[in-house]
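The structures come next, written out as structure tokens.
Look for subunit A in each of the two complexes below; its partner is subunit B in the first and subunit C in the second.
== the complex of A and B ==
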């Protein structure tokens, strides 16, 4: 290309652009007919009809005598898949994970000792959860030589709040402060009540292992013949109310987990000496959780209610089913 | 000569150094702090053609944490209904508290509130009070907190124990400040001066007695904004505590008690806030051994509640074309 041609090129472009701008605007896009075929007159009246129809969410038919029909709505945005739900308990011990906002959780189980549990919770704002449950872990005996029996149903409420895992910084464990408090429970002419304050941390180690470590602060009261005893009154040191607990989850298969945990529960003795009327007993549990569906899990395993006495004859085999639902979450978030 | 020249310069140099440090400190503090301005809150649209989504779309500011009033008011043409309760604190009995507030102008609200107190039964049984709360029209300057003042005239609450009648009443003068430190941290602090009255009549072991005491009660609160919809709230407040034992002859007392709550406020919808909290109540300042923090069974509880905002002005405009913009 010669120098002369180089200098002429911008001029050519400018002229071409001016000519293009001087051309009349193309006709508006023709309306799409009902059968989906492309057709239309492209006249000014049709264009105004399109505008008018667009205002009313209607389509203009080819034949003006035809009734206008509603414009098909754009397809709904695909909903984001529900995130996996981290369970708020290992087996009996709480975890440092919270239910997502609006997620409903329901766990029901039975064991070979005749125990029945139900635990129903709802996630609150991604930072807390509230639940009502009935447990079979609280046990009582007449004298110290009697075999303890579960007091059930033992109904109480749970409130937990905390910070999710990795929320503040990488490798930050999930931290949850929890409180469980029962209603009064009368049985064998005695009224009992328990409360537990917990602080627990949970951390994933790799993709398939999670550890849970925490401490619980227990209190319990026993009223018999108008005389009240409580754990905090009968035990001198605050250490008598504090117990460590923990658990481990291992996921050898994508949908199956092995669970082990150690937890504590009060045991009442109606006719023991005052300092032995309420004692905290450790419980060991192990089992398997199988994810049948994202909304359903089956669990089974073994619980030893008092491992301190090493009485394996007291061990119980349990079975549980857990359901989770995002129905409320979708309603709250409007998605 | 040099020494004489240096001497007058030394204080000036020191002053400059200190000024630089102060300015640096102020800048560093400013850099780490978001604006302290109030969040702008457009009022609900009062238009006859406004849709319900526009009327109830919010945002609606709240004038309380859990039980602690804040320096904010709910705004003009607004009504706030809130309450909470616990079935766990006193077995078999619902203990509840409520606030009804109507906004007047952007600076005031009339309210019916059950103000915090601990009754002779040891239950967190709030006492009813009618009052007005005012948000001072202060300029929006950084680090100048919003300040609210309130006066609540107590209404006597009566309880009967056999032949004995116990009357409890608390009137409040409240001053509370709110400072938005960052976008996720808000601090509240204040004090409440409460003339309290305890009247005992019909006790066989006591002559009829009416006890008066004025208490100065500090209060503090914190808000941590966790996400778009949820705020973690903590509050602690000294409250009046009434003490009297039936037929013992012991003189009744009005003492200092303590109430604290930690929980969340979750905005389910712009006009509906759900509250859930863990509460602690120290019954008396001289709690006996064994009471206090260790007593989980009787002094800790879980409370659930809610606050609902009703834009009555916008509703009236839409339905009867009154109070329109």
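== the complex of A and C ==
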């Protein structure tokens, strides 16, 4: 073998190996037709693999020996952003806005008077809402000269139904009929309970102001030593049970609202004369609601439980946190 | 003279351009400054009577502030513990809510305005005050003026409503932009022998910005009943913005 032939041999081996490597590998188990049309089966099986892969949403690999990989699913349709949730209360007064269908709402707060509140609701079909709450607004005193103290926890259930703002016609305010009924509450050898029927209208005035006006029809009972007193028995006329309430919301900044409302709550007096045992007292509240996130709001402000007495010492600073969630709404609607 | 004028001008521009401070008190007198949304303001301090204070405030949406804390601003004693000498300071846990508008928010030249209410937290001894205060920067000086109502309850006896003004002054010497001379005059409830009343306090001192996020104050407090024997106090305030 000449010197040239010695040098050519490794080169030939390398080229042959490269060419062999570049050839497609034989099909692992190609179906062999009986009619002898096996010629060209490599390309035919590759084509059939492409068709088969296409049929099964699989990507055809460059190398037919590779396992086909699943084709990435087309991106899911982007979910519509959740709409803003209008709050069902200003501070203490209810609004004419309902929670959207399936929306969960939870508000928890404390105040400097040692009060604790929790209010948990769910929106029902855009036309109603149901909730369970504990309030610290119901107060009681031994004698008329005593300082009233909150009875708490004071647990009750709320059902509200109505029509959303602008639902029936333009500029139609949100209208809600609500009912709150407490469970019996025993304290200081007395059992009390309250019920409130409300009708409230709420309307946006421009982008940054909303007004709420409503009326409430109250009843309450106090049972002491097997003797029962009720607001409707001790008061002359239905007018003594009806009270107006209202509120205003102003949004000076995009995520911050100033809230002011006037509401009413029963106050019990265990040792007063019969006509003074249950009285409705006006409450003034003002504060600020800060939207930390679309699902979380922080709120703080001042509540004066009995504005008729104009006693600054009764003023309470409160702090609340509110969470809203569309989890149930998305689960129900399947989006 | 020219050099002083330039320094003063730079100081003036810097002061106007800066955002409102976040501290809600000069020493005792309230200011109309509100922290920005989400800002946390924490203060701790101690005085020469070994009384401590701790306060934590949160900026609510840029238009309000809520604060909780404990301080010994109010003095109280009972018949048994009062022996002719001024009543000792008494710790009160208090919460405060303030809502208002910043400087120039409504019109050019408008001072910052705040309506504040402060109340005690769950105590038989109660002190509450509600006030309106205005603050305005005028060159190197900042002026604070307010009017408030004080009420107190001690041993079941309520004080009559007491309406009093409050004043505060802060001066930043142009050559020392990190230092402020501070002084204020304010009224506080005094609960002595079950007779809630009020007394004035006059404070003066220095505030030094030790960090971009924190200040140290050294102040001297003169109370009405013991003007000649003041209390010295030191307070550190941290402002943590999101």
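The rule we apply is simple: the second predicted complex is superposed on the first by the 263 of 335 C-alpha atoms of A that agree within 3 Å, B and C clash if a C-alpha of one lies under 4 Å from a C-alpha of the other, contacts with A are read in each partner's own complex, and residues count from 1 in each chain.
Everything that follows uses one rule, which is that a residue touches a chain if its C-beta (ideal position, glycine included) is under 8 Å from a C-beta of that chain, and two chains touch if they have at least 3 such contacts.
Just so it is clear, the model here is predicted, and its values are computed rather than measured.
Novice: Using the touch definition from the top, say if A:302 reaches subunit B (first), subunit C (second), both or neither.
Specialist: second
Novice: Just to be sure I read the superposition right, which of the two partners does A:119 touch: subunit B = first, subunit C = second, or both, or neither?
Specialist: After superposing on A, A:119 lies clear of both subunit B and subunit C.
Novice: Once chain A of both complexes is superposed, is A:279 in touch with subunit B (first), subunit C (second), both, or neither?
Specialist: Once the two structures are laid over each other on A, A:279 reaches no partner at all.
Novice: Quick one: is A:165 in contact with subunit B, with subunit C, with both, or with neither? Answer first, second, both or neither.
Specialist: Once the two structures are laid over each other on A, A:165 reaches no partner at all.
Novice: Quick check for you: in the superposed arrangement, does A:136 touch first (subunit B), second (subunit C), both or neither?
Specialist: neither
Novice: Would you pull the subunit B residues touching subunit A in the complex into a rising list?
Specialist: 87-88, 91-92, 226-227, 229-230, 232, 262-264, 266, 268-269, 274, 276-278, 290, 294-298, 300-302, 304
Novice: Give the list of subunit A residues in touch with subunit B in this complex.
Specialist: Against subunit B, the touching part of subunit A is residues 101, 124-128, 130, 156-159, 161, 177, 179, 181, 183-184, 193-197, 217-221, 230, 232-233, 238, 241, 332.
Novice: Considering only the defined contacts, which subunit C positions touch subunit A in the complex?
Specialist: Of all residues in subunit C, those touching subunit A are 37-38, 58, 60-64, 66, 94-97, 99, 117-122, 126, 128-130, 149, 151-153, 158, 161.
Novice: With touch defined as at the start, can you tell me which subunit A residues reach subunit C in the complex?
Specialist: Per the touch definition, subunit A meets subunit C at residues 112-114, 252-253, 255-258, 286-292, 298, 300-302, 311-313, 315-317, 319.
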